[in-house]
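These are the structures in question, set out in turn.
What follows is chain A paired twice: with chain B in the first complex and chain C in the second.
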Partner chain A sequence: MSIGGSDLDKAIQQLRACRPIPEAQVREVCYKARELLIEEGNVVGVDAPVTICGDIHGQFHDLMELFRVGGDVPDTNYLFMGDFVDRGFYSLESFLLLLCLKVRYPDRITLIRGNHESRQITTVYGFYDECLRKYGSANVWRYCCEVFDYLALGALVTGAATALEPTDSPYAANTTTASVADIDQDIEVETLNADGEVLGRFARASSESNSQSQQNSSALPPAPDNVGAAGTGASGSSNGSRRNDTGAVLCVHGGLSPLIDTIDKIRLLDRKQEVPHEGAMCDLLWSDPDEIDGWGLSPRGAGFLFGADIVKVFNHRNDLSLIARAHQLVMEGFKEMFDSTIVTVWSAPNYCYRCGNVAAILELGEDGSNAGYARSNGDGSAAGFIGAGALGTSGFGGNAYSQAFGSNTLGANGNRRLSGVLGEQHRLREGPGRRYRVFEAAPQDSRGMPAKKPVAEYFL
Partner chain B sequence: MSAPNIPNLKTLLGTRRGGSGRGRGRGRGLPESPQASSEAVRDEAVRGTDQDAAGSRVSCVQLGYLHDPYASCFATQQSTRRLPLLNRGTYVRTSAIDSLVRKFIETSPEQPKQIVSLGAGTDTRYFRLRDYYPDAKLIYHEIDFPTNTASKLNSINRHAPLHAKLIPNAPPTNPLSLPPGATSYYSPTYNLHALDLRNLTCATFSSSATNLPNLDPNVPTILLSEMCLCYLEPTTASLIIGTLLSTYFSPATPVALIMYEPILPNDPFGRTMISNLASRNIRLPTLTTYLTLEHQRLRLDSEGFVDGCRAADVNFIWKKWVPEEEKERVAALEMLDELEELELLLKHYCVTWGWRNGSGEGTQESAANKVFKRAWEDMVEQDDRQT
Partner chain C sequence: MATNGPIDTLAPGHESDNTITRDGFKITTRKLPILKAGPIEEMTTKLGITPPEMIFGDNLASISHPSSGWSITFNAFDALDRVDKTGAAMLKVSYSKEWQQNRQKQFEDIKEVVKPFDWSYSTDYKGTTLDCPAFEPSNKPIPLELLRRPDPILFFDDVILYEDELADNGIAMLSVKIRVMPARLLLLSRFFMRLDGVLFRIRDTRVFVEFATGEVIREYTAREEKYETVRKSLAGMREDVLALMRDPNRLAENLSIVGKSLERLVLK
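Take a look at the complex of A and B:
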């Protein structure tokens, strides 16, 4: 009675239609998933290209929108950074679909654990009640929780290109040429809407013409023209080639822990348990970056706050160019901080059917070193990167980009100060090229599948 | 590279519809048809908001946020545990207004005081105040739709702890001797007026003024609107306050207005709130007129509360009004993960409080006239003027 190929495909079909699968099948899928996950290390290795996604929170219709915008599995290689369940009305269908896809295409989808993948949290925030409501017993919830215990704690993406292959997509209606760099430059960041239209395109800081786009970008604080090289800490050369000297990208749901100074220390944890209330494993799933120096107490009551200095030292020590994390609602879908050394990716649009935010996914391209050209993430067509809905704030540009998303105190000057602390040889790695696709919530009642009318609660 | 195998689900529009907020008791049985825009339906939706608030209160009490032995007497629905952030918000809202009210009562405690709660619904504040201040010379009035007052009277009648509070220092009558179908109740301390507030807009000094028995025109009074005036058109809300001030109070009487209302309609959260509530037939007309705290202050001033116009959003109140040890106690009640959402939500509600001293031209301002100034001296407001 093992769940084989065709049964599994049928289950996936059923879940895609947002219909729960029978309890016996859930048990089988969960068993298979655990067999797979137990083989994964605490930090899963993932090769670029990959599309990195943040919190889903049971917003099934928006997960389908995410797949529509980012490409389907297995065409696109996905990495989900946890918080699949709770809050939304379809935690069960969302998580089981992702899990079935994991079992069906284990090398094309990576799932890591969020703080909501926990027995304690799911009993407060909805997943437990949902399972009870949909199956009449807590069995399915129990099977899922057992899977939670086996989810990896992080992922390490390697082989990401430093420069994006620019899309030949059209510009979105409200995109000004000032926010779009020439495509013959090294493209560090590109933002697209749900229709795949370019909202902004930004060349790497060391390129000449950036200062111009920066000055024309109204949403940005004015920055001196010559901060580029310091901002990236790169060699300052701009040879225009598609370089591949980027460091790895660590993906984790929450953030760093004062108990963890190397990625190897994450590998040593015993993760196969309920998320503890404290300790390194808890911190990885609960912590948040903040505009502070060093470590701070988290107002969440679990995990810590950590500042730019912590991130930069950690990234340097571990040869990382970027930390990608989720965990915090950001109204624009993504938020880079600390000179683009860490980014928050949030993939639940109009969170809880109430917050009015847009969502984003982050695509990292493959470096061209093997084949001499960069391959797009999906089916290889020129429109390999398709995209999403209107971006709330599309006004950023050029080499001031990182400052727009970072702290004011830790702009170029802060970075210079830090490189003094680290010593000249302790330069930060050049970050990977980053393509953000921004999308809005799917219309809840137009999905042709069971749709509970959202009843967001307010104070009345 | 879109995913062609994922159907464009908009083509399947309309295959399954409906299912109004089942099981949660909100928007029950409201038609979702074109006539949903009709006034009667909207009135019904507004009346329905009271049970929503009652449920939130019970959730808070059961989890230990609030001490309120009376909340469960009024909630007609099975209690639904609310999300931690809603419990936190209900807690802050209730305790903020409690603080303002209690400081008022504690200022010159020998002086008689009056509270008029507009759209009071199932609010339990009168009963809780009676417990805190058994000897206070307090005249309490609640005004609401007849259906709401009738069911409130019914609940009071059924629960001894409630009707025992109506006539303090007197042997409790059990149950209250009320005619069947009673919608109003009058006593020297507690009065329940069955009245559509909009009837006040056409009242004048003449005999046509709607009768509000036992309302004392000379006693310092708080008018309280906790999510009430916000359901009315701004002009209607102004007329109601104007009529109350001019018709029911002597010009020399100190009168204050405390409001709890949503703000910030124009950001993504605010826009989503308006559209979500619209789908439940709930409109918030004042929200789109009084956009910010500063608008709310100006509103208080123009309504005649010229001697003090203060406002703070609920996020500010949580941070600045709630003492540290109380914050720790409340934060420990439930694990609250959704901090960003909480902040977003709380910033979209505010408490405003304004007052007039009530000394007319040429009259000497007495100590009694300064009751609100003295009561609320230490209540810090939010300084958002430079932003």
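Take a look at the complex of A and C:
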């Protein structure tokens, strides 16, 4: 009765075609998944290279597009930061496919919990209704909820390279030279479209060239190391060299918690339960970064907001170079904040089938080697999907970079304040090289998608 | 490719307006994607509050009468500018009390509510108009019997202006529907808000235009009810209560009217 390799492969095939698998098989897969997940710590260790993904929200066809753009499992190592279900029409197929892939390739895909992986939230926002509709009973929903309770709360990516090896692919049609750094420079960030064409390429701002680069729209906001000399003492004047002293990257659905000052404290939580309404576990899945000092209470009367100083102190204390999180919709698919110490990754394009946003995934390369990026671009059939299309001229050219990356509002003040907090001897790690692949919603097919034109109605 | 490409992903600047002109009235709708980070920041600064998560800042619906210079437009910025920005009308999520009590023991230093405002984005927006010619208070209701007739619909659109998931505590949404028939039109701007376990709100602005006479009637109705009261009144139904709670059309009759106004003007 146990689900073996070939049964599992068949289930994966069926789910890839967006067809639900029988209830008995769901039960089996969920059981297997629990056995696997129970062995994982609250914070899963993941080695780079890895592709980090944000919210999916049951947008199955867009998940397929994500795999087309980012590479398939197990060729690509994936980390999904939760919110697999609710809102979209295919939560069931999306979550079960990810879960089957997890059971089939446990070392090539990591799933962590989002705030929607909860009994209470799924009964209000669609997943429960969907299970009931597709199976006629709540059994499948219950099996899935039991899996939710075992999902890890975070992941720690180690071994990510500081410098990006520039992608050997053409520029997208509307990429301007101003947004593309010379490939001889130390590349920190690269943005690619769904066909792997370069939209932008940004050099790391070194301490020496900082004052210039701030005026140059093609350069990065000041790198974290400009609060003092860089990381390990060896890299103070490393302009142009390929450095490998990046810290770890913490991945979590929501954000930080005032109860958590070290990653070890996350490891001590008892996670095998419904997401509570308060406490550290709740905060990790719910909190948001904001342009404030320190911690703040959300105006809603529950939930925390945290500012740049909180992120920088946390990253320093835990030897992190970056926090990757999801949870908030961003039009550009990703948004870096606080001098690139935290990034929001959003992977549900055209969210709720009406927002018109693009989605993104974040690729972190492997330290010392770029084997992880040996991938072929464009498989013919896909060419021209974006075409001259929707990214348009307002997409990622020119100053779109500063938009996507936040407005660097901390500026000199923020850094001064921070150096006060950290003290002169404390320094922040340099961020890992980051490659963002930006993609649009999969072409709408006829299966239950909302019509483009609203149907006229005799409303009163 | 063009026939089944992604919907609603046109970049600003593209021709995306739908219009129809009828008896000297021009009706326009515009539907574009949510705003990008830059325009959101600009809007945040201008408004003084954080805009909703899904902000369709480029969308609009408008009715104009070029010969008299009169027009009425519905857009997200003007609607949000009428949201309480002080925190005086602020709601709390259902589990706020429990959450606060536990928190305050642990973190006495974190008491500051960041930028308080009405995060439910409740607005009493009735559209943006010029003062001349102005609406005047009236007793004449919108002639519903004329609108119930199945006259052909020449133009229809449904334009969303903003939506927020209230951090998964419900929904707040402002959208505009418009239908143009041969002799008249009806526009409905509806704010719908459900704060789970706490409150329902529906605030409707209806604009009716009779083309032949140039008569314009604007009716505003605000409805509100406690969540529990609505839940109880729906509990007896055989239908899916959760689905009903997402449907303002079905909910409206279960909510008490808490505000109403009626105005009229005649365009020459």
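Keep in mind that, in the parts below, the second predicted complex is superposed on the first by the 367 of 460 C-alpha atoms of A that agree within 3 Å, B and C clash if a C-alpha of one lies under 4 Å from a C-alpha of the other, contacts with A are read in each partner's own complex, and residues count from 1 in each chain.
Here is the rule we use: a residue touches a chain if its C-beta (ideal position, glycine included) is under 8 Å from a C-beta of that chain, and two chains touch if they have at least 3 such contacts.
Being a predicted model, the structure only gives us computed values, none of them experimental.
By the touch criterion stated above, A:Glu440 is placed in contact with chain C alone, chain B being left untouched. When the two structures are aligned on the shared chain, A:Lys335 is found in touch with chain C, with no touch to chain B. Looking at the shared chain after the overlay, A:Asn115 reaches both chain B and chain C. Look at A:Asp72: by the touch rule set out above, it reaches chain B but stays clear of chain C.
Contacts of A:Leu259 after superposition: chain C is touched, whereas chain B is not reached.
Looking at the shared chain after the overlay, A:Pro106 reaches neither chain B nor chain C.
In the superposition on chain A, A:Asn350 makes contact with both chain B and chain C.
When the two complexes are overlaid on their common chain A, residue A:Gly303 makes contact with chain C while staying clear of chain B. Once chain A of one complex is fitted onto chain A of the other, the partner contacts of A:Met64 are limited to chain B, with no touch recorded for chain C. Chain A residues 115-116, 121, 124-125, 299-302, 328-331, 350-357, 384-385, 392, 442-443, 445, 452, 454-460 lie at the interface with chain B in one structure and with chain C in the other. Within the complex formed with chain C, the chain A residues making contact are 115-116, 121, 123-125, 129, 258-259, 277-279, 286, 290, 292, 294-305, 328-332, 335, 349-358, 384-385, 387, 389-395, 399-400, 402-404, 406-407, 440-445, 452, 454-460. Within the complex formed with chain A, the chain C residues making contact are 1, 4-14, 32-38, 40-41, 53-54, 87, 90-93, 95-96, 98-100, 102-103, 106-107, 109-117, 119, 144, 147-148, 150, 153, 156-158, 160, 166-169, 177, 179, 186, 188, 196, 240, 242-243, 249.
Note for the complex: chain A touches chain B at residues 16, 61, 64, 67-69, 71-72, 75-76, 87, 115-116, 120-121, 124-125, 196, 299-302, 328-331, 350-357, 376-381, 383-386, 392, 442-443, 445-460. Chain contact summary for the complex, chain B toward chain A: residues 1-3, 5-7, 9-13, 15-21, 24, 26-27, 49-50, 52-53, 56, 82-84, 86, 89-90, 93, 227, 260, 262, 267-273, 276-277, 279-280, 282, 331, 334-341, 344-345, 349.
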